[in-house]
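Right after this note come the structures.
Okay, so subunit A shows up in both of these, paired with subunit B first and subunit C after.
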Partner chain A sequence: MTNTDREQKVVKEVKDKKVLQKLSGLGPVLALIVLALITTVMNPSFLDPNNLLNLLRQVSINGLIAFGMTFVILTGGIDLSVGAILALTSALSAMMITSGVPTLIAMLIGIIFGGLLGGLNGLLITKGGAAPFIASLATMTIFRGATYVFTDGNPITSKVMNDSFIFQFIGRGYFFGIPVPVIIMLISFLILYMLLHKMTFGRKTYALGGNEKAAFVSGIKVNLTKTWIYVISGIMSSAAGMILISRLSSAQPDAGTGFEMDAIAAVVLGGTSLAGGRGRIFGTLIGALIIGTLNNGMNLIGISSFYQQIVKGIVIIIAVLIDRRKKV
Partner chain B sequence: MKIDMIGISKSFGNNHVLRDVDFHLGSAEVHALMGENGAGKSTLMNILTGLINSDSGTILVDDQEVHFNGPKDAEEHGISFIHQEMNNFGEMTVLENMFLNNEVKNKWGIVDEKTMRTAALKIFKTLHINYDLNEIIGNLSIGAQQMIEISKAMMSDAKVIIMDEPTAALTNSEITSLFTTVNNLKAQGVSFIYISHRVEENMKIADKITIMRDGHTVDESLISDNSVEKIVTNMVGRDIGDFYPERHVHAGKKVLSVSHFESEGKFHDINFTVEAGEILGFSGLMGSGRTEVMRAIFGVDHRNAGDLLINDKKVKITSPSDAIQHGIGFVTENRKDEGLILDFSVSENIIMPSLKDLVKKYFIDEKVKDDFVNLLVKRLTIKTEGTDINAGSLSGGNQQKVVLAKWIGAGSNILILDEPTRGVDVGAKREIYDLINELTDRGVAIIMVSSDLPEILAMSDRIAVMYEGQMMAIVDNSHHVTESDIMTLATGGKMND
Partner chain C sequence: MTKKILSIAVGALVLIYAIVFVVSGRAVFSISNPFQTNTVLQHKKPSELKIGVSLSTLNNPFFISIRQGVTETAKQSGSKVQVYDGQNSTNKQSNDVEDLIQKKVDVLIINPVDSSAITPEVKSANEAGIPVITIDRSSDGGKVLSLVASDSKEGGKMAADFMIKTLGQGAKIAELQGTPGASATRERGAGFDNTAKGHLDIVTKQTANFDRTAGLNTAENIAQAHPDIKGLFSQNDEMALGAVQALKSNPDVVIVGFDGSADGINAVEKRQMAATVAQKPKEMGKLAVQAAYKHFKGEKVSSQIKSPLELIVADKYK
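Moving on, here comes the complex of A and B:
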């Protein structure tokens, strides 16, 4: 074997690998297109602009949570408490608005509080050394319980809330014909995209998931970075909560139950590895859209919500199987 | 048992890995198999143990042609392969590991621990070793785990044992006892195929040597007809001059002082200084506290007491990020675990300690990043098909260069190198030595921890020797310092004047 033979072979392998990587990045997009096509064939009104905008609005809440979850999963962690954070912070904001605090300030406080709750997860995981699954499982129960205590188990709704223009606007308003939640989702996406792919914070996030020990020895402040990532997850969850209370005109103590599963599903469908270190936030956006299209499409076609759950589960399994085959 | 591999060829696609290779192993013989990474050693051994099939050629065991359909088949014929990464289950006991998937059961299907215990102890006795069979195997030293691997091989009645880099993680005393065991077994008629990058070690243990290069056998001869220079020249196919480059000492002013470093159970009252442009070698057995001191300096591990002075100013370092800010870099001993993110690209690995320097107005500047990475790849002659391929797919030597590139890129002027040439082939070793010399020429202070005594003696300006957490001595490396002087200190003795 001559060296040039070997080199040429390596070059070819590298090229093949790059092509494969590019294609695999497109996998979720392809799945979304196929899904949309099938739905359109079954019911052409899927493509109705109103339906599409409606779909996007439905996606926005899961999208926001899943963006935060992407950072968490990239580090190899998981945040099960997102739904409970959503419930607790949105109840807090609703209560404040009801008692006369200006809407914007009340919501901002709710979101900051969400960041603090996320920070608590971060501290339990970094300083406390708890496994992310266990830590966030525990805080999920605590935050949910706290919500019931705080609301006494009753929904919070009031005339003040419903009379507030901003309150209405956040969840139900339009801006140049586009639903406000969709705009919030897209702006959040852009900011987090820049944070993940264009700034050092993103490199650190990937490094933590790739090999935490090597990241530490390379001078990355592992605990600090990780804590911030859980703060981001908390912020995104409570931001989603603000949209939800506006859409429902009330804060429900059981709001957000099971949202963690949809968010994790969106991240995984988007091609991010649960082992950490590999994935993209664009994939998560697509993953959230796939779940949204499934829900929307099955409603349009008239599949009962019981079957919808089964179909969603099957889609996730197919995605994972394809992903595994790719790696082999 | 005698093995003859004749005319073995193997290609993967267009890639001819082995071309008409001959390999002859006599009975009761230790046969060193050497060659740079990619020379074809592993493929040859995988063919011998039936893991892959050859395209052509024959294998004779005691002059009978054989075909093995996998390692299990080879094992039944008395050929055992002890891999570099041992297949232990760290959470299980020694006994459980020794009989894994091979348990002795009574007629009810219950595991018969008593019989297994007796069998294990019998093997231990023939090897002159003794370990607690109930001990969790992960708690034992690497050397002990290796002995247990050998015991397993002997249990399956091995007549030929293949060992791949057995001493890479062993202390000197463990190497000595490994060699004793190897010689004992040889006296009982067992043959060894011994694969190691350490030339001096092969000279010590082997009877014969086969050298491979680019899929060919380039030399097969008695070890007594060889010298280090001859072996190295045969391996790399060219004369690389002296194995070690010449050192020009030009130490400057003191840059780092370690004073009264303490860490309970690890090391006690450690004091030393390093000067700009100097290589301070750190010798000692594994477990003597060398690595632990380095980890404490760099802030990876905590210490109980002691001060660190850089340029005569006291500094507080409690984490690697503090250390990096003070210009310290650390090439850890376990490259795959702490040095690199193997499935990240060369580029992503190199920039890790220097992320801040690549930022322009909040964002990473892609062009600055690419220039930075390309410059380092070129300067360190890292052989890679592009900076975006995974670091894990490079050879050991090139992986090590990526780790060095990280710290050179971060502008470290105090560089701690822990076993910088472990698992690195001969050609790349020399390149790393040259690089270390070049760094000291530019005034970088280097602390080099190494278990490789010839390396320590050839490269260091001064040598610090540790023993059981204590600093035994720091000696000037003049020509009359010998390996045995260092070994004496490293085992707790005093050096003769």
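Moving on, here comes the complex of A and C:
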């Protein structure tokens, strides 16, 4: 074999690898298309525009939480307290709305409060040195308990909520025929996409997840960046909570139970590695859509709700196995 | 260059969509879906009906029996049924109901997780022209065709009649009440009290919030204050089971519970409780489906359908 032959071979291998990488990035998109095709064949009303909008609206709550979770997981962390933050902040906002605070102000305060709760997670992890899993597990039970104390275990609902146009508009409204939660999700996606892929904050996030020590040595304020990331997660969770209270015209003390799992599943299905440093927020959007399509599609096809849970678990396992193969 | 053309094309499409949307007279800001088409009631045979069912949970025997009642009745008449499990999550249930509306079922049978959280979905169903029948719990808002629930007043009367028969006229008894203001508390209490009036001597009525531990504590206090009571009526089985523990030293007290829960029936079989007024969840499911059939025949359906109750009595009191 001559030298040029060998060079050509190497070049070809590198090219192949690049093509493969691109293809594997498309994996979640392909999975989504296949799922949508299967569902359409089984029940053509899946493609009904009304149903697609309905599906997007169902995805929006999980989508918002999962976007925040993407940042956390990119740093190699995890945030189990998202569902509890959602419950506590939505109860707070609902209580304020009930006692006469204007809807938007009450919701804004709730979202800021959610950011503070997320910041608390961040401080526990950075200053306290607690493992993210343990820290957020502890705050999850604390926030959930606080919600029960605050609401006395009862749902919060009031006539104001049922009468206020703005309140109902956030979760149930349509703007030019597009559900408002979908618009909120897409705007949040664009903002977080810019933050992650076009700004230094995003590069710091990836650097942190890739190699924390190297990131520290190269002058990144590791603790500050990390804390902000948990603040983002808290903000996204409480924003999702505002949509939820509007959709249910009440704040439920047990709202958001298990939401952390759906959010983590969306992130993982989207190809983000739980080890951190690798993944994209676009993948998370697709991951959330896959979970939404699974739920909506299986409901439309008429699969028993018992089997639905099994199917969801299997899909996640397949995604993780494919992810592991990619690494090898 | 291609990017520019693409973005111009997308922008133009969005603009055209917006113009068409406004010209077609739809509301730019709205709460209800501007594309939703309203179906008008047509008379349908049971075999042509698609029934959508959303239950609050399926990990409790009570609700599994409701499902049985629904599916068995529907299958006999050849209707199609789709049952979703809300897994006790208000959010999951509201997604489920939305999907059922999308599936264009003819009628919705809902057992709400929470009566306030289901309201928006009932309103959505109203907009889509799909009649809603609720089981056990109703909705705070929207139009509900009918609520199928146990006849709690009748149940209270059954408990009182049983006590009069077993204990004789004028016997001293106590009553454990449920959460103040709850419909079950009011109706079960009214049924019992009205029948007992003049026949039983109700020496005390205390609330224990439908809770077993509270039932235990309250019954202990009652036993202290009124050691001579012959009977105790509890407005649910949980409180009655608490009272069983509290009155262990005095096993002759006739304890009557309400619900017919698995634990309650078990206690009756062990003779710890004298009787329990059992609800019949399977019958509730059946009645809900029958109400739907009646509606699609064009007959009027009563807004409240009472499901019958059954008194389960320990052997020695039969």
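In this section, the second predicted complex is superposed on the first by the 318 of 328 C-alpha atoms of A that agree within 3 Å, B and C clash if a C-alpha of one lies under 4 Å from a C-alpha of the other, contacts with A are read in each partner's own complex, and residues count from 1 in each chain.
As a convention for this text, contacts are C-beta pairs under 8 Å (C-beta built on N, C-alpha and C of every residue); 3 or more make two chains touch, one makes a residue touch a chain.
Note that the structure is a prediction, hence the values are computed from the model and not measured.
> Please indicate which partner A:Gln252 is in contact with in the superposed arrangement: first for subunit B, second for subunit C, both, or neither.
Second partner only.
> Contacts for A:Arg203 in the overlay, against subunit B (first) and subunit C (second): which applies, first, second, both or neither?
Only subunit B is touched by A:Arg203; subunit C is not.
> Answer with first, second, both or neither: which of subunit B and subunit C does A:Lys127 touch in the superposed model?
A:Lys127 sits against neither subunit B nor subunit C.
> Which of the two partners, first being subunit B and second being subunit C, lies in contact with A:Asn162: first, second, both, or neither?
In the superposition, A:Asn162 touches subunit C alone.
> Hey, is it subunit B or subunit C that touches more of subunit A?
C
> In the superposed arrangement, which partner chain does A:Gly277 touch: subunit B (first), subunit C (second), both, or neither?
In the superposition, A:Gly277 contacts subunit B only.
> Tell me the contact category for A:Ala214 with respect to subunit B and subunit C: first, second, both or neither.
A:Ala214: touches subunit B, not subunit C.
> Same subunit A residues contacting subunit B and subunit C, which ones?
none
> Would you pull the subunit B residues touching subunit A in the complex into a rising list?
Touch list, subunit B to subunit A: 13-17, 19, 214-215, 298, 300, 319-321, 323-324, 330, 332, 337-344, 348, 351-353, 355-356, 358-359, 362-364, 385-386, 388-389, 406, 410.
> Give every residue of subunit A touching subunit B within the complex, in rising order.
Going through subunit A, the ones touching subunit B are 1, 3, 5-7, 9-11, 14, 17-18, 194, 198-200, 203-204, 206-207, 210-211, 213-221, 277-278.
> Okay, in this complex, where on subunit C does subunit A touch?
On the subunit C side, the touching residues are 17-18, 21, 26-36, 58, 82-85, 87-91, 94-96, 98-100, 102-104, 114, 116-117, 119-120, 140-141.
> Mind listing the subunit A positions that touch subunit C in their complex?
43, 45, 48-51, 53-54, 57-58, 61, 155, 157, 162, 165, 168-169, 172-177, 244, 247-250, 252, 254-258, 295-296, 299-300, 302, 304-306
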